[in-house]
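Take a look at the structures listed below.
Two complexes are shown next, each including subunit A; its partner changes from subunit B in the first to subunit C in the second.
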Partner chain A sequence: MKFSILVNEGPYQHQASDSAYQFAKAALESGHEVQRVFFYHDGVNNGTNLTTPPQDDRHIQKRWSEMAESNKVDLVLCVAACQRRGIVDEGERDRNKKDATNVADGFRISGLGQLIEAAIESDRLVTFGD
Partner chain B sequence: MEEEYAGGVEKKFIYINRRAPHGTVYALESLETVLIGAAFDQDVSMLFIDDGVYQLKKDQSTDSIEFKNFSKAFRALEMYDVEKLFVEAESLQERGLSEDDLLVDVELVKRGEVKDLIDQQDVVLSF
Partner chain C sequence: MSTLNIVNKSPFEKRSLDQCLSRIGSDDAVLLIEDAVVVAMAGTRYESDLKSAAAAKKLYVLTPDVEARGLADKPVVEGFTQVDYKGFVALVTEHDRVHSWL
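After this line comes the complex of A and B, so read on.
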(Lines of atoms letter the chains of each structure in order from A and count residues from 1; the text may use other names and numbers.)
(Lines give C-alpha, C1' and ligand atoms only; values in the text may rest on other atoms or scores of the structure.)
Protein backbone atom coordinates (compact mmCIF):
# COMPACT_ATOMS: atom_id res chain seq x y z
CA MET A 1 0.00 0.00 0.00
CA LYS A 2 1.13 3.54 -0.68
CA PHE A 3 0.97 5.80 2.39
CA SER A 4 1.42 9.50 2.91
CA ILE A 5 1.71 11.05 6.32
CA LEU A 6 0.75 14.44 7.77
CA VAL A 7 2.62 15.66 10.85
CA ASN A 8 0.91 18.56 12.61
CA GLU A 9 3.00 19.03 15.75
CA GLY A 10 6.54 19.99 16.64
CA PRO A 11 9.23 17.61 17.92
CA TYR A 12 9.90 16.99 21.63
CA GLN A 13 6.80 18.94 22.72
CA HIS A 14 4.33 16.40 21.36
CA GLN A 15 4.51 12.72 20.52
CA ALA A 16 2.94 13.18 17.08
CA SER A 17 6.19 13.28 15.13
CA ASP A 18 7.58 10.29 17.07
CA SER A 19 4.45 8.29 16.32
CA ALA A 20 4.54 9.37 12.69
CA TYR A 21 8.15 8.23 12.43
CA GLN A 22 7.42 4.87 14.07
CA PHE A 23 4.44 4.38 11.78
CA ALA A 24 6.48 5.21 8.67
CA LYS A 25 9.28 2.91 9.81
CA ALA A 26 6.88 0.03 10.45
CA ALA A 27 5.17 0.59 7.11
CA LEU A 28 8.49 0.52 5.24
CA GLU A 29 9.65 -2.58 7.11
CA SER A 30 6.40 -4.30 6.16
CA GLY A 31 7.07 -3.65 2.49
CA HIS A 32 4.73 -0.70 2.04
CA GLU A 33 5.64 2.53 0.32
CA VAL A 34 5.75 5.89 2.10
CA GLN A 35 5.39 8.40 -0.67
CA ARG A 36 5.57 11.60 1.30
CA VAL A 37 5.60 13.03 4.81
CA PHE A 38 4.13 16.52 4.95
CA PHE A 39 4.99 18.73 7.92
CA TYR A 40 2.49 21.45 8.79
CA HIS A 41 2.01 23.97 11.63
CA ASP A 42 4.75 23.47 14.28
CA GLY A 43 5.51 20.18 12.54
CA VAL A 44 7.94 22.10 10.30
CA ASN A 45 10.28 22.31 13.31
CA ASN A 46 11.07 18.64 12.63
CA GLY A 47 13.14 19.87 9.68
CA THR A 48 15.65 22.23 11.30
CA ASN A 49 19.25 21.04 11.45
CA LEU A 50 20.02 23.29 14.42
CA THR A 51 18.72 21.00 17.16
CA THR A 52 21.04 19.33 19.66
CA PRO A 53 19.03 17.03 21.89
CA PRO A 54 20.81 15.40 24.87
CA GLN A 55 22.86 12.35 23.89
CA ASP A 56 20.58 9.94 25.73
CA ASP A 57 17.54 11.24 23.85
CA ARG A 58 16.36 10.39 20.34
CA HIS A 59 17.44 12.76 17.57
CA ILE A 60 14.16 13.35 15.78
CA GLN A 61 15.46 15.36 12.82
CA LYS A 62 18.32 12.97 12.18
CA ARG A 63 15.97 9.98 12.20
CA TRP A 64 13.85 11.61 9.50
CA SER A 65 16.88 12.55 7.40
CA GLU A 66 18.20 8.99 7.57
CA MET A 67 14.82 7.61 6.58
CA ALA A 68 14.67 9.97 3.62
CA GLU A 69 18.10 8.90 2.46
CA SER A 70 17.70 5.15 2.81
CA ASN A 71 14.10 4.84 1.65
CA LYS A 72 13.60 7.76 -0.74
CA VAL A 73 10.83 9.22 1.42
CA ASP A 74 9.88 12.72 0.34
CA LEU A 75 9.92 15.02 3.40
CA VAL A 76 8.08 18.26 2.66
CA LEU A 77 7.86 21.30 4.92
CA CYS A 78 4.95 23.72 4.40
CA VAL A 79 6.40 26.97 3.08
CA ALA A 80 4.01 29.33 4.88
CA ALA A 81 4.51 27.50 8.18
CA CYS A 82 8.30 27.67 7.65
CA GLN A 83 8.27 31.38 6.92
CA ARG A 84 6.43 32.07 10.17
CA ARG A 85 8.79 29.89 12.21
CA GLY A 86 12.20 30.61 10.73
CA ILE A 87 12.82 27.40 8.80
CA VAL A 88 14.87 28.54 5.81
CA ASP A 89 16.37 26.92 2.70
CA GLU A 90 18.55 28.70 0.15
CA GLY A 91 15.61 29.85 -1.95
CA GLU A 92 13.79 31.28 1.05
CA ARG A 93 16.98 32.89 2.34
CA ASP A 94 17.48 34.75 -0.91
CA ARG A 95 13.81 35.60 -1.40
CA ASN A 96 13.31 36.96 2.10
CA LYS A 97 16.82 38.37 2.62
CA LYS A 98 17.88 36.21 5.56
CA ASP A 99 21.49 35.43 6.38
CA ALA A 100 21.27 31.71 7.17
CA THR A 101 19.65 28.42 6.22
CA ASN A 102 18.64 25.55 8.49
CA VAL A 103 16.72 22.96 6.47
CA ALA A 104 18.10 19.52 7.26
CA ASP A 105 19.18 16.98 4.66
CA GLY A 106 16.32 15.11 3.05
CA PHE A 107 13.76 17.84 3.73
CA ARG A 108 12.49 20.34 1.19
CA ILE A 109 10.21 23.36 1.46
CA SER A 110 7.14 23.48 -0.74
CA GLY A 111 3.45 24.40 -0.74
CA LEU A 112 0.26 22.90 0.62
CA GLY A 113 -0.50 21.55 -2.82
CA GLN A 114 2.00 18.82 -2.02
CA LEU A 115 -0.29 17.66 0.79
CA ILE A 116 -3.36 17.57 -1.44
CA GLU A 117 -1.42 15.81 -4.20
CA ALA A 118 -0.17 13.20 -1.70
CA ALA A 119 -3.73 12.61 -0.48
CA ILE A 120 -4.91 12.08 -4.05
CA GLU A 121 -2.07 9.82 -5.13
CA SER A 122 -1.67 7.69 -2.00
CA ASP A 123 -3.95 4.89 -0.89
CA ARG A 124 -4.05 6.31 2.62
CA LEU A 125 -3.19 9.66 4.20
CA VAL A 126 -2.51 9.22 7.91
CA THR A 127 -2.53 12.27 10.19
CA PHE A 128 -0.51 12.60 13.39
CA GLY A 129 -1.43 15.40 15.78
CA ASP A 130 -4.20 16.42 18.17
CA MET B 1 2.82 28.88 -6.66
CA GLU B 2 0.85 25.65 -7.09
CA GLU B 3 0.23 24.22 -10.49
CA GLU B 4 -3.14 22.83 -11.45
CA TYR B 5 -3.25 19.11 -10.78
CA ALA B 6 -3.55 17.22 -14.03
CA GLY B 7 -3.82 13.72 -12.58
CA GLY B 8 -7.50 13.34 -13.44
CA VAL B 9 -8.29 11.61 -10.13
CA GLU B 10 -11.21 12.95 -8.12
CA LYS B 11 -11.48 11.93 -4.50
CA LYS B 12 -13.92 12.87 -1.78
CA PHE B 13 -12.17 15.11 0.76
CA ILE B 14 -13.64 16.18 4.07
CA TYR B 15 -12.08 18.81 6.27
CA ILE B 16 -13.17 18.42 9.88
CA ASN B 17 -12.89 21.61 11.87
CA ARG B 18 -13.03 20.94 15.58
CA ARG B 19 -11.46 23.99 17.17
CA ALA B 20 -12.40 27.59 17.91
CA PRO B 21 -11.22 30.11 15.30
CA HIS B 22 -8.59 31.56 17.62
CA GLY B 23 -6.54 30.19 20.49
CA THR B 24 -4.65 27.82 18.20
CA VAL B 25 -3.62 28.09 14.56
CA TYR B 26 -5.52 25.06 13.30
CA ALA B 27 -8.70 26.78 12.10
CA LEU B 28 -6.79 29.25 9.94
CA GLU B 29 -4.51 26.55 8.55
CA SER B 30 -7.46 24.32 7.72
CA LEU B 31 -9.00 27.11 5.69
CA GLU B 32 -5.67 27.69 3.92
CA THR B 33 -5.58 24.02 2.98
CA VAL B 34 -9.12 24.10 1.62
CA LEU B 35 -8.36 27.16 -0.51
CA ILE B 36 -5.13 25.71 -1.90
CA GLY B 37 -6.79 22.34 -2.39
CA ALA B 38 -9.53 23.92 -4.48
CA ALA B 39 -7.12 24.10 -7.42
CA PHE B 40 -7.08 20.30 -7.53
CA ASP B 41 -10.76 19.96 -8.53
CA GLN B 42 -11.64 17.45 -5.85
CA ASP B 43 -15.03 16.75 -4.25
CA VAL B 44 -14.71 18.79 -1.06
CA SER B 45 -16.87 18.90 2.07
CA MET B 46 -16.27 20.68 5.35
CA LEU B 47 -17.63 19.61 8.70
CA PHE B 48 -17.76 21.90 11.72
CA ILE B 49 -18.00 20.16 15.05
CA ASP B 50 -17.38 20.89 18.74
CA ASP B 51 -15.82 24.38 19.16
CA GLY B 52 -15.26 24.38 15.38
CA VAL B 53 -18.79 25.73 14.97
CA TYR B 54 -17.53 29.05 16.34
CA GLN B 55 -15.47 29.45 13.15
CA LEU B 56 -18.72 30.21 11.31
CA LYS B 57 -20.10 32.64 13.90
CA LYS B 58 -21.32 35.96 12.49
CA ASP B 59 -19.89 39.31 13.55
CA GLN B 60 -16.48 38.23 14.76
CA SER B 61 -14.07 40.97 15.72
CA THR B 62 -10.39 40.23 16.14
CA ASP B 63 -9.01 43.77 16.42
CA SER B 64 -8.28 43.51 20.12
CA ILE B 65 -6.24 40.31 19.76
CA GLU B 66 -4.33 41.54 16.69
CA PHE B 67 -5.23 38.48 14.64
CA LYS B 68 -6.51 38.40 11.11
CA ASN B 69 -10.31 38.04 10.99
CA PHE B 70 -10.46 35.24 8.45
CA SER B 71 -14.10 34.37 9.11
CA LYS B 72 -15.20 36.39 6.07
CA ALA B 73 -13.31 33.98 3.86
CA PHE B 74 -15.92 31.33 4.58
CA ARG B 75 -18.33 33.42 2.53
CA ALA B 76 -15.95 33.16 -0.42
CA LEU B 77 -15.78 29.36 -0.38
CA GLU B 78 -18.60 29.19 -2.91
CA MET B 79 -16.30 30.78 -5.49
CA TYR B 80 -13.90 27.91 -4.92
CA ASP B 81 -16.68 25.35 -5.50
CA VAL B 82 -16.66 24.41 -1.84
CA GLU B 83 -20.38 24.33 -1.19
CA LYS B 84 -20.91 21.37 1.10
CA LEU B 85 -20.65 22.81 4.60
CA PHE B 86 -21.92 20.53 7.32
CA VAL B 87 -22.44 21.54 10.94
CA GLU B 88 -23.16 19.12 13.73
CA ALA B 89 -26.51 20.19 15.20
CA GLU B 90 -25.70 19.18 18.77
CA SER B 91 -22.45 21.18 18.77
CA LEU B 92 -24.44 24.29 17.85
CA GLN B 93 -27.14 23.67 20.44
CA GLU B 94 -24.69 22.95 23.23
CA ARG B 95 -23.14 26.36 22.64
CA GLY B 96 -26.43 28.24 22.55
CA LEU B 97 -26.15 28.86 18.82
CA SER B 98 -28.53 28.33 15.91
CA GLU B 99 -28.19 28.46 12.12
CA ASP B 100 -29.14 32.15 12.26
CA ASP B 101 -25.90 32.89 14.10
CA LEU B 102 -23.80 31.56 11.23
CA LEU B 103 -22.37 33.62 8.39
CA VAL B 104 -22.97 31.04 5.65
CA ASP B 105 -25.70 28.56 4.73
CA VAL B 106 -24.96 25.13 6.13
CA GLU B 107 -26.47 21.70 6.27
CA LEU B 108 -27.10 20.44 9.80
CA VAL B 109 -26.17 16.84 10.57
CA LYS B 110 -27.04 14.97 13.73
CA ARG B 111 -24.29 13.57 15.91
CA GLY B 112 -25.36 10.05 14.99
CA GLU B 113 -24.99 10.84 11.28
CA VAL B 114 -21.45 12.17 11.44
CA LYS B 115 -19.92 8.70 11.25
CA ASP B 116 -21.79 7.98 8.00
CA LEU B 117 -20.67 11.30 6.53
CA ILE B 118 -17.03 10.48 7.31
CA ASP B 119 -17.43 6.91 6.05
CA GLN B 120 -18.37 8.25 2.62
CA GLN B 121 -15.04 10.06 2.19
CA ASP B 122 -11.72 9.02 0.67
CA VAL B 123 -9.58 11.56 2.52
CA VAL B 124 -10.22 12.92 6.01
CA LEU B 125 -8.25 15.96 7.15
CA SER B 126 -8.98 16.86 10.74
CA PHE B 127 -7.94 20.18 12.22
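After this line comes the complex of A and C, so read on.
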Protein backbone atom coordinates (compact mmCIF):
# COMPACT_ATOMS: atom_id res chain seq x y z
CA MET A 1 0.00 0.00 0.00
CA LYS A 2 1.11 3.58 -0.64
CA PHE A 3 1.27 5.89 2.39
CA SER A 4 1.84 9.59 2.84
CA ILE A 5 2.41 11.30 6.16
CA LEU A 6 1.68 14.84 7.38
CA VAL A 7 3.87 16.20 10.21
CA ASN A 8 2.61 19.41 11.86
CA GLU A 9 5.03 19.79 14.78
CA GLY A 10 8.73 20.49 15.25
CA PRO A 11 11.38 18.08 16.55
CA TYR A 12 12.31 17.87 20.26
CA GLN A 13 9.19 19.87 21.15
CA HIS A 14 6.40 17.39 20.60
CA GLN A 15 6.26 13.65 20.03
CA ALA A 16 4.62 14.05 16.60
CA SER A 17 7.81 13.90 14.51
CA ASP A 18 9.05 10.86 16.50
CA SER A 19 5.69 9.09 16.10
CA ALA A 20 5.64 9.93 12.39
CA TYR A 21 9.17 8.58 11.91
CA GLN A 22 8.43 5.34 13.80
CA PHE A 23 5.24 4.90 11.77
CA ALA A 24 7.05 5.50 8.45
CA LYS A 25 9.84 3.08 9.46
CA ALA A 26 7.34 0.35 10.40
CA ALA A 27 5.43 0.92 7.13
CA LEU A 28 8.64 0.46 5.09
CA GLU A 29 9.63 -2.60 7.13
CA SER A 30 6.17 -4.07 6.50
CA GLY A 31 6.79 -3.81 2.74
CA HIS A 32 4.67 -0.71 2.08
CA GLU A 33 5.71 2.37 0.15
CA VAL A 34 6.01 5.77 1.84
CA GLN A 35 5.47 8.15 -1.06
CA ARG A 36 5.85 11.48 0.71
CA VAL A 37 6.20 13.09 4.12
CA PHE A 38 4.83 16.63 4.11
CA PHE A 39 6.10 18.96 6.85
CA TYR A 40 3.74 21.81 7.69
CA HIS A 41 3.68 24.57 10.35
CA ASP A 42 6.49 24.02 12.93
CA GLY A 43 7.04 20.63 11.24
CA VAL A 44 9.39 22.33 8.76
CA ASN A 45 11.98 22.55 11.58
CA ASN A 46 12.54 18.80 10.99
CA GLY A 47 14.37 19.78 7.78
CA THR A 48 17.16 22.15 8.88
CA ASN A 49 20.71 20.82 8.64
CA LEU A 50 21.86 23.25 11.38
CA THR A 51 20.41 20.80 13.92
CA THR A 52 23.09 19.50 16.32
CA PRO A 53 21.56 17.44 19.14
CA PRO A 54 23.78 15.95 21.89
CA GLN A 55 25.51 12.72 20.77
CA ASP A 56 23.43 10.51 23.10
CA ASP A 57 20.16 11.88 21.69
CA ARG A 58 18.42 10.85 18.49
CA HIS A 59 19.21 13.02 15.45
CA ILE A 60 15.72 13.60 14.11
CA GLN A 61 16.75 15.47 10.94
CA LYS A 62 19.46 12.94 10.03
CA ARG A 63 17.04 10.06 10.61
CA TRP A 64 14.65 11.54 8.02
CA SER A 65 17.48 12.25 5.54
CA GLU A 66 18.71 8.65 5.83
CA MET A 67 15.20 7.32 5.33
CA ALA A 68 14.80 9.51 2.22
CA GLU A 69 18.05 8.26 0.75
CA SER A 70 17.59 4.54 1.36
CA ASN A 71 13.86 4.31 0.59
CA LYS A 72 13.20 7.08 -1.95
CA VAL A 73 10.84 8.91 0.41
CA ASP A 74 9.98 12.42 -0.81
CA LEU A 75 10.41 14.87 2.13
CA VAL A 76 8.58 18.13 1.36
CA LEU A 77 8.71 21.31 3.45
CA CYS A 78 5.87 23.86 3.11
CA VAL A 79 7.32 27.00 1.52
CA ALA A 80 5.25 29.54 3.48
CA ALA A 81 6.03 27.80 6.78
CA CYS A 82 9.75 27.76 5.83
CA GLN A 83 9.84 31.46 5.01
CA ARG A 84 8.41 32.33 8.42
CA ARG A 85 10.87 30.08 10.26
CA GLY A 86 14.10 30.68 8.32
CA ILE A 87 14.34 27.39 6.46
CA VAL A 88 16.06 28.31 3.18
CA ASP A 89 17.15 26.53 -0.01
CA GLU A 90 19.08 28.08 -2.90
CA GLY A 91 15.95 29.33 -4.66
CA GLU A 92 14.56 30.95 -1.52
CA ARG A 93 17.97 32.41 -0.67
CA ASP A 94 18.17 34.17 -4.03
CA ARG A 95 14.52 35.24 -4.10
CA ASN A 96 14.54 36.68 -0.57
CA LYS A 97 18.16 37.95 -0.67
CA LYS A 98 19.48 35.84 2.20
CA ASP A 99 23.13 34.81 2.62
CA ALA A 100 22.76 31.15 3.64
CA THR A 101 20.85 27.92 3.04
CA ASN A 102 19.97 25.19 5.54
CA VAL A 103 17.68 22.64 3.91
CA ALA A 104 18.97 19.18 4.84
CA ASP A 105 19.73 16.36 2.36
CA GLY A 106 16.64 14.61 1.09
CA PHE A 107 14.32 17.51 1.90
CA ARG A 108 12.92 19.99 -0.63
CA ILE A 109 10.81 23.12 -0.31
CA SER A 110 7.51 23.18 -2.20
CA GLY A 111 3.88 24.20 -1.82
CA LEU A 112 0.65 22.87 -0.33
CA GLY A 113 -0.25 21.37 -3.71
CA GLN A 114 2.23 18.61 -2.84
CA LEU A 115 0.13 17.72 0.22
CA ILE A 116 -3.07 17.58 -1.85
CA GLU A 117 -1.31 15.48 -4.50
CA ALA A 118 -0.04 13.09 -1.81
CA ALA A 119 -3.56 12.76 -0.39
CA ILE A 120 -4.94 11.96 -3.85
CA GLU A 121 -2.19 9.59 -5.01
CA SER A 122 -1.60 7.69 -1.76
CA ASP A 123 -3.92 5.01 -0.39
CA ARG A 124 -3.73 6.54 3.11
CA LEU A 125 -2.64 9.90 4.53
CA VAL A 126 -1.77 9.75 8.24
CA THR A 127 -1.50 13.00 10.23
CA PHE A 128 0.76 13.54 13.25
CA GLY A 129 0.45 16.76 15.24
CA ASP A 130 -0.27 18.32 18.63
CA MET B 1 -16.55 1.98 5.16
CA SER B 2 -14.75 2.01 8.49
CA THR B 3 -12.50 4.68 9.96
CA LEU B 4 -9.48 4.34 12.22
CA ASN B 5 -9.59 7.19 14.73
CA ILE B 6 -6.25 8.19 16.27
CA VAL B 7 -6.31 10.05 19.61
CA ASN B 8 -3.04 11.43 21.03
CA LYS B 9 -4.05 13.43 24.10
CA SER B 10 -4.98 12.30 27.61
CA PRO B 11 -8.62 13.09 28.45
CA PHE B 12 -7.27 14.71 31.63
CA GLU B 13 -5.68 17.35 29.35
CA LYS B 14 -7.99 17.71 26.33
CA ARG B 15 -11.49 16.58 25.37
CA SER B 16 -10.53 14.92 22.07
CA LEU B 17 -11.19 11.37 23.32
CA ASP B 18 -14.70 12.29 24.56
CA GLN B 19 -15.40 14.08 21.29
CA CYS B 20 -14.14 11.12 19.29
CA LEU B 21 -16.07 8.44 21.21
CA SER B 22 -19.35 10.37 21.04
CA ARG B 23 -19.18 10.91 17.27
CA ILE B 24 -17.73 7.82 15.61
CA GLY B 25 -19.69 5.02 13.94
CA SER B 26 -20.22 1.59 15.44
CA ASP B 27 -17.83 -0.16 13.02
CA ASP B 28 -15.06 2.40 13.59
CA ALA B 29 -11.94 1.73 15.65
CA VAL B 30 -9.97 3.93 18.06
CA LEU B 31 -6.19 3.84 18.52
CA LEU B 32 -4.64 5.64 21.51
CA ILE B 33 -1.08 6.93 20.99
CA GLU B 34 1.30 9.37 22.74
CA ASP B 35 -0.24 10.86 25.95
CA ALA B 36 -3.63 9.26 25.24
CA VAL B 37 -2.26 5.85 26.29
CA VAL B 38 -2.60 6.73 30.00
CA VAL B 39 -6.37 6.33 29.81
CA ALA B 40 -6.05 2.72 28.66
CA MET B 41 -4.73 1.88 32.14
CA ALA B 42 -7.26 0.29 34.51
CA GLY B 43 -8.48 2.33 37.47
CA THR B 44 -9.08 5.81 36.00
CA ARG B 45 -12.50 7.45 36.08
CA TYR B 46 -12.78 6.79 32.32
CA GLU B 47 -12.63 3.02 32.77
CA SER B 48 -16.40 2.42 32.70
CA ASP B 49 -16.87 4.68 29.63
CA LEU B 50 -14.14 2.81 27.79
CA LYS B 51 -15.53 -0.58 28.80
CA SER B 52 -18.91 0.32 27.31
CA ALA B 53 -17.22 1.74 24.19
CA ALA B 54 -15.25 -1.51 23.85
CA ALA B 55 -18.50 -3.48 23.78
CA ALA B 56 -19.41 -1.89 20.42
CA LYS B 57 -16.08 -0.73 18.94
CA LYS B 58 -12.54 -1.98 18.57
CA LEU B 59 -10.11 -0.16 20.89
CA TYR B 60 -6.33 -0.28 20.50
CA VAL B 61 -3.39 1.20 22.42
CA LEU B 62 0.18 1.71 21.14
CA THR B 63 2.48 -0.39 23.36
CA PRO B 64 5.76 1.55 22.72
CA ASP B 65 4.06 4.71 24.06
CA VAL B 66 2.77 2.77 27.10
CA GLU B 67 6.33 1.54 27.76
CA ALA B 68 7.81 5.03 27.24
CA ARG B 69 5.60 6.27 30.08
CA GLY B 70 6.64 3.54 32.51
CA LEU B 71 3.21 1.88 32.42
CA ALA B 72 4.14 -1.46 30.85
CA ASP B 73 3.44 -3.44 34.04
CA LYS B 74 0.05 -1.80 34.68
CA PRO B 75 -3.17 -3.66 33.82
CA VAL B 76 -4.98 -2.37 30.73
CA VAL B 77 -8.75 -1.74 30.62
CA GLU B 78 -10.62 -4.85 29.47
CA GLY B 79 -11.37 -4.72 25.74
CA PHE B 80 -8.17 -2.98 24.63
CA THR B 81 -5.82 -4.66 22.16
CA GLN B 82 -2.15 -3.69 22.40
CA VAL B 83 -0.29 -3.02 19.12
CA ASP B 84 3.28 -2.04 18.18
CA TYR B 85 4.13 0.29 15.27
CA LYS B 86 3.77 -2.54 12.73
CA GLY B 87 0.35 -3.24 14.23
CA PHE B 88 -0.43 0.49 13.87
CA VAL B 89 0.50 0.27 10.16
CA ALA B 90 -1.68 -2.84 9.76
CA LEU B 91 -4.65 -1.04 11.36
CA VAL B 92 -4.24 1.84 8.90
CA THR B 93 -4.35 -0.62 5.98
CA GLU B 94 -7.36 -2.51 7.39
CA HIS B 95 -9.56 0.61 7.64
CA ASP B 96 -10.79 2.65 4.67
CA ARG B 97 -9.88 6.00 6.25
CA VAL B 98 -7.71 7.40 9.02
CA HIS B 99 -8.59 10.43 11.14
CA SER B 100 -6.32 12.05 13.73
CA TRP B 101 -8.27 13.88 16.44
CA LEU B 102 -5.80 16.76 16.90
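Keep this in mind: the second predicted complex is superposed on the first by the 130 of 130 C-alpha atoms of A that agree within 3 Å, B and C clash if a C-alpha of one lies under 4 Å from a C-alpha of the other, contacts with A are read in each partner's own complex, and residues count from 1 in each chain.
Keep in mind that, in the parts below, a contact is a pair of C-beta atoms (placed from the backbone, for glycine too) under 8 Å apart; a residue touches a chain by one contact, two chains touch by 3 or more.
The shown structure was predicted, so the numbers you read here are calculated from the model rather than taken from an experiment.
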Which of subunit B and subunit C A:S19 touches, first, second, both or neither: second
First, second, both or neither for A:T127, with subunit B first and subunit C second: both
Partner chain(s) touched by A:M1 [first = subunit B, second = subunit C, both, neither]: second
Touching partner for A:E29 - first (subunit B), second (subunit C), both, neither: second
Which of subunit B and subunit C A:C82 touches, first, second, both or neither: neither
Touching partner for A:A68 - first (subunit B), second (subunit C), both, neither: neither
Partner chain(s) touched by A:I60 [first = subunit B, second = subunit C, both, neither]: neither
Contact residues common to both interfaces of subunit A (with subunit B and with subunit C): 8, 125, 127
List of subunit B residues in touch with subunit A within their complex: 1-3, 5, 7, 9, 11, 13, 25-26, 29, 32-33, 36-37, 39-40, 42, 123-127
In the complex, subunit A residues that touch subunit C: 1, 3, 8, 15-16, 19, 22-23, 25-27, 29-30, 32, 123-130
Parts of subunit C lying in touch with subunit A, wherever the complex brings them together: 6, 8, 33-35, 64-65, 84-86, 88-90, 92-93, 97-98, 100, 102
Contacting residues of subunit A [partner subunit B, same complex]: 6, 8, 40-41, 79-81, 111-113, 115-117, 119-121, 125, 127
